[in-house]
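For reference, the structure is listed below as structure tokens.
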Amino acid sequence: MEELIRQIREFARERDWEEFHSPKNLAMALSVEVAEIAEHFQWLTQTESKNLDRGKLAEVEEEIADVLIYLTRLADRLGIDPIEAARKKMRINAKKYPVETSKGKAAKYSEI
Amino acid sequence: MEELIRQIREFARERDWEEFHSPKNLAMALSVEVAEIAEHFQWLTQTESKNLDRGKLAEVEEEIADVLIYLTRLADRLGIDPIEAARKKMRINAKKYPVETSKGKAAKYSEI
Amino acid sequence: MEELIRQIREFARERDWEEFHSPKNLAMALSVEVAEIAEHFQWLTQTESKNLDRGKLAEVEEEIADVLIYLTRLADRLGIDPIEAARKKMRINAKKYPVETSKGKAAKYSEI
Amino acid sequence: MEELIRQIREFARERDWEEFHSPKNLAMALSVEVAEIAEHFQWLTQTESKNLDRGKLAEVEEEIADVLIYLTRLADRLGIDPIEAARKKMRINAKKYPVETSKGKAAKYSEI
């Protein structure tokens, strides 16, 4: 992950894109990229969404990559370590959604 | 990252949330979480977005964590390694946006 | 609709919000509001999404209102008549998706 | 607006798209369409976003049309009158954001 962060940073620096990569713009770009994932799933049933063919899967993989790249870039611009932030959040979630009371109740509680 | 993937997987399994975590639902949840990042930035100027106070930064950190968690979960359900996907995409981007022709032209080209 | 446009315009003017209501900011706010609709549906099955109870329906109604308000405001700031734009688009769609070839093929074609 | 609602309804009915047009799917499609608006603005400054050239403006107009079409369709499937909902919401907003206390304070309050 650290390698990826450095790579993206270098990529933007070489192209003089720092100016465009304000947290505001990156947040906006991130939401655009996420929609490109959603686009692949919008008309599918749940079952179909679990059984993508190889071509579709490769396309979704590329969109997931884009989201991770922008998310990493945004975090980097804000001085945030995304993996560490996610670990911390998982500890909060473990307390917020105890196994006993959350079991199978995803309609309300499945927010990880 | 692998540790995070396993942790999220275990978290969902313990709570019987597999059923709710279809790729379709996760893609939708991902777009909801990304909007929670965007919400913090929507009325800010570019400059303000670079200078968040500590409280706001902690809130954004939590939203970034949520996005990474759902993105990781979605990738895992599809059998995709998100870091590897991002590395592959960065190689594609390096060809797509050569340094010489892309320099400072972010309005059109700053899509990493 | 014209009355709504005028009402929103007046509302923003009275509060000196013109400065914040750049098309860029409004586009961002619009995506935040749409996510608030999506949030209600993210863990539901298709069938459940057709059978919201009264309380949930009232909440979704309020989010739909928010989206229409921001969309109307954005269109107004750009000098666009949204109803006229939609009518024009429906004529384009009618040609793009002829009844004979599009019937029941929404997975690919159901983009209105 | 009523005419537009009927037109969209008829359009979907003729193509047997009712099955795909669950509120869940439409909410997802709506968020995809909104991102297509956001995409045009993501790297622009606030000022640039107010001064789109004619070609760009025509593209944004088409995306605004798409959002209005899906929003109208979603509302129709839920039995909601979007204009009436927006009018009701504007009355709520007028109480929530009194002119005196909200003036020029959009960073916090400019949510219409």
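Which chain is which? They are A, B, C and D, in the order written, and residues in each are numbered from 1.
Going forward, contacts are C-beta pairs under 8 Å (C-beta built on N, C-alpha and C of every residue); 3 or more make two chains touch, one makes a residue touch a chain.
Because the structure is a prediction, the values reported are computed rather than measured.
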{"item": "Recurring contact interface, reference B-D, options B-C, C-D or A-C [over half identical by residue number]", "value": "A-C"}
{"item": "Which of A-D and A-B has more C-beta pairs touching across its chains", "value": "A-B"}
{"item": "Length of the line joining the C-alpha centres of subunit A and subunit D, rounded to whole Å", "value": "25"}
{"item": "Chain centre separation in whole Å, for subunit B relative to subunit A (CA means)", "value": "2"}
{"item": "Contacts with two or more other chains, residues of subunit B listed in rising order", "value": "20, 24-25, 27-29, 31, 34-35, 38, 41, 43-46, 48, 106-107, 110"}
{"item": "Interface residues, subunit B side, partner subunit A - complex", "value": "1, 4, 7-8, 11-12, 14-17, 19-25, 27-31, 34-35, 37-38, 40-41, 44-50, 52, 57, 60-62, 64-75, 77-80, 82-83, 85-90, 93-94, 97, 99, 102-104, 106-107, 109-112"}
{"item": "Subunit B residues within the subunit C interface of the complex", "value": "20, 25, 28-29, 31-32, 34-36, 38-39, 41-43"}
{"item": "List of subunit C residues in touch with subunit A within their complex", "value": "24, 27-28, 31, 43-46, 48, 106-108, 110"}
